[in-house]
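Next come two complexes, and both contain chain A; in the first it sits with chain B, in the second with chain C.
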Partner chain A sequence: MSVVSAETPVWAHRTPRKRLLLWAGWLACVALFVWCWERMTQRTIWAFVWDAPTAAADIGSRAFPPRWSYMERLWAPLWDTINIATLGTLLGIMMAVPLAFLAASNTTPSRLILRPVALFVIVATRSINSLIWALLLVSILGPGILAGILAIALRSIGFIGKLLYEAIEETDISQVEAITATGASQGQILTYGIVPQVLPSFYGISVFRWDINIRESAILGLVGAGGIGAQLNSSLNMLAWPQVTLIILVILGTVVVSEWISAKVRHAII
Partner chain B sequence: MSTAYPTTWRKPPQMIQSRGLRVALAVGALIYLVLAIGTIEVNWTRVVAGMERGQRFVAGFLQPDFTTRWRDISNGLMESLTMTFTSTVVGVLISVPIGVGAARNVAPVWVYYICRSIIATSRALQEIIVAIFFVALFGFGAFAGFLTLTFATIGFIGKLLAEDIEDIDEAQAEAIRATGASWLQLINYAIQPQVMPRLIGLSLYRLDINFRESAVIGIVGAGGIGAALNTSLSRYEYSSAGAILLIIIAIVMASEYSSGYLRKWVK
Partner chain C sequence: MLRIEGLTKTYKTGDKALSEVSFEVPKGQVVGLIGPSGAGKSTLIRCINRLVEPTSGTVHLNDLNVTGLRAGELRRARRRIGMIFQEYALVERLTVMENVLSGRLGYVGFWRSFMRRYPGSDIANAFRLLDRVGLVSHADKRADALSGGQRQRVGIARALAQDPELLLIDEPTASLDPKTSRQIMRLIMEICRERGLPAIINIHDVVLAQQFTDRIIGLQAGRVVFDGPPSGLTETVLTQIYGEEDWTAMRNGAAEDAEAEAEEKAQAEKMLRAL
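So, the complex of A and B:
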């Protein structure tokens, strides 16, 4: 006959050691947060921060209503913005497709040299934002939409390249084997075995990137790379808040429309 | 009598079956291309003058100069990193209740619509535009950047978290409800265990994105390494700019690999 002692162990999800470690981890996180906060706000002028609600109310009262008559001077920059996004995407695709075939482990001609190089190019172009590319290119090529197109293209390489090489690596091997068994050459294997399989995702990726590029090209003008952002920059510099409101509304509208188009197209393809 | 079979085979079109539509699309694309390329104005003398600068930039990239401006660079880097961490933490803390509120299966309709509209606003506005406004309101420096990144994090994590909660296995929620659990207990015992690994993964991913963005919003005055980059470019100090870009690429690559590794480990 067993007697239930008073010290029946209470069930717990974790062992005491694990609990201690978990608490130590959380404590470390909080300490890191406090330290980071202190570092970050070292040079913050709190007077400006406390003043923000009044400043916001002030800007808000000046920004409405938007100056609709300014619209007639926005059509040309808007057209530029769309061109920057579209041509940039096309250029990016042209550079990204060969890169993706070099980077995919099942199509790369040399696993030792070309694949790492291609992967590095993909990661490097992806980690630099298009605005930084634009900043560089404007200082090299001068202001204008060419710098914007190149900035968008360079940023797109990494994105399209990464998604496309993953799609290529996921292709069904049996189709490729069937084509190989007919005695097809390397080029024929690509066109008949791999390309038909990745084509839908290729179109999907391109349209998706185009949609993102519309967003990004709208602000490239802030650093001088053409498009509607240039108008935004000059309106901001002149403190013409009603114009700023209008431009932001136009940008929002363009983004919504492009998102709708891209969603429709991707829905139709996939 | 035998029918004449074609002796050659052409690959059928994959995407668009109708021939007329294909031709129309091709012609439309061609017209657009001609019109669009026509709008590019290139000032070739400027480009030729700029090529020399381009060469200097490439040279600066190959021989980065970390030392001359090291104070600016390290200050900017520190600001960027602290800004990234604090904004991710605060952003995730705010986005958790909003994400829960934006999940149709756990929130009442009016809360759902409020939370969804917060998320939509945060996602529709680009970081740069938000940064411009926050800089105008809160003054130059890292604090405006912190607010910008927090605001952007709310939309990102909120949306993905809400979708995740909507996708949970309802059987667990049903079981917890059957015990007579309150709403908070439901969230704690049925929802949280299912979405926690993914929430941690998303937060790490957002940490990564926030660092990249922190490099950009500095250009409009919101502090961080972007400000240092902008300064060095406007001084035409390409070797310092090259050093900053290399640091950004290195940190992004490192965080990408480590967050991928951590996410595997969390799962």
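So, the complex of A and C:
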């Protein structure tokens, strides 16, 4: 028989002191929220807010039905949009792949110089939104598709580069070791030991970025970088709501299709 | 054939993995390297082909001082040393054939290997080796579609594709079941005998080591504490290498397992008959 004590043992997840602190923490959060709400709504004109449903209904009624005949003027910019996304992604991949190999700690040829440089380029391109890249490039190159492609490519470098170098760093060393042990050269170690391991991630990342780029390239036209966004911008300026509806529907359709393709491709690889 | 003198490895963390290890392996001898985890077995065989850089000491392969080689020469030396790994270390997403051919990487140029255009003689030899390890019909399967034992056979074929003068084998059976372990050990031994290949096998299964190898080297905390024939592994020696343990019981363990299995089977049959 085991030892049976007189009292049932007591066990608590937290000590009383910790519980008290937890409650104080929650109280502070609520107080902060109330204070922020006060600050945020200081200059709100409530009449507009109460009016919002009516305003939305008004625009909605003017936006329907979509102006289907406008479609014939959308095919060309839609094609441009898809091309901007696709070419931009390809260009981005071409620049991101070498960067990723320079940035990954297990493949970089120089830890002290090249790796920090590559990491900086990846962070820098990633931290600037493609719309801002497009603004800059339109003012440098003038409006048009080229600015859009470059904007998408630049933004994609950071995204693809970062995910790819992480995939490279996560490769199984024993496979690399085995290839090294055969007397393979550096290039062969890379193509046999590492590339096969990161290839699925590479395809997955690329298709995922292409899918995101379709969405991003649809708005680049707002700043003059080509594609369907230009039509959206002018329709909005002319208050041509039925056209706006059609454009939004077209963008939605394109995004759904691209997402479907990207999901299919990723599923096929992994 | 292989001469190791005063090999010492101190890791950056200050851990001394090997200290003053010296021994020679003549042609055709298969050496079992035993010792507890962390004794430096893995480090020792990795120092021979310099996957791990030794801190001091020398490794001679015939008359070639491997420890003094520069990058290009080291690659040529590595071609002569085949290596077989614990977790097989195949390139999982490549086919069996590509994995075997990767043993030729030291002999072919970058583009040839990149385009998978290996010389006809290499391909013919790869098929011969796959036939030898009994996997010819699996040549175009991906490595990750094979079972553990099959993968290790591919690992053996890859090492042999190098046409090595020495085999380094790191825990070849650690990820395999007892039966497959024996088959793999038997295969390795047969191949070493056929080709007169010397080999160093890291192995933690003392019974397997004793049964299959020509000579045992016992490592303990980075030092050689035993070097002799398998029959010389007495209980005192094993205790010196591994610490206190009931060695006779371990040896009898295998036999007992078999007996227990037979008994269970008999019991089951009895129950079936009763039904």
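One rule holds in what follows: the second predicted complex is superposed on the first by the 249 of 270 C-alpha atoms of A that agree within 3 Å, B and C clash if a C-alpha of one lies under 4 Å from a C-alpha of the other, contacts with A are read in each partner's own complex, and residues count from 1 in each chain.
Keep this in mind: a contact is a pair of C-beta atoms (placed from the backbone, for glycine too) under 8 Å apart; a residue touches a chain by one contact, two chains touch by 3 or more.
What you are looking at is a predicted structure, and each value in this text was computed from that prediction instead of being measured.
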With both structures lined up on chain A, is it a clash or a fit for chain B and chain C?
clash
Quick check for you: in the superposed arrangement, does A:Ala184 touch first (chain B), second (chain C), both or neither?
second
Which partner does A:Gln175 contact after superposing on A: first (chain B), second (chain C), both, neither?
second
Go through the superposed model and pick first if A:Ile149 touches only chain B, second if only chain C, both, or neither.
first
A:Val255 contacts which: chain B (first), chain C (second), both, neither?
first
Considering only the touch criterion stated at the top, classify A:Leu199 as touching first (chain B), second (chain C), both, or neither.
both
Touching partner for A:Pro242 - first (chain B), second (chain C), both, neither:
neither
Tell me the contact category for A:Ile128 with respect to chain B and chain C: first, second, both or neither.
first
Partner touching more residues of chain A, chain B vs chain C, is chain B
Chain B clashes with which stretch of chain C: 117-125, 153-161, 225-233 or 243-251?
117-125
Shared contact residues on chain A - chain B and chain C
192, 196, 199-200
Give the list of chain A residues in touch with chain B in this complex.
29, 32-33, 36-37, 39-41, 43-45, 48-49, 52, 55-56, 59, 79-80, 83, 86-87, 123-124, 127-129, 131-132, 135-136, 139-142, 144-146, 149, 192, 196, 199-200, 203, 215-216, 218-219, 222-223, 232, 236, 248, 251-252, 255-256, 269
What residues of chain B sit close enough to touch chain A in their complex?
11, 14-15, 32, 36-37, 39-43, 46-47, 50-51, 53-54, 57, 78-79, 81-83, 85-86, 89, 124-126, 128-129, 132-133, 136-139, 141-143, 146, 212-213, 215-216, 219-220, 226, 229-230, 233, 236, 241, 245, 248-249, 252-253, 256
In their shared complex, at which residues does chain A touch chain C?
172, 174-175, 177-185, 187-188, 191-193, 196-197, 199-200
Would you tell me which residues of chain C are touching chain A in their complex?
49, 51, 75-79, 81-83, 85, 87, 89-94, 102-107, 110, 113-114, 155, 158, 162, 168
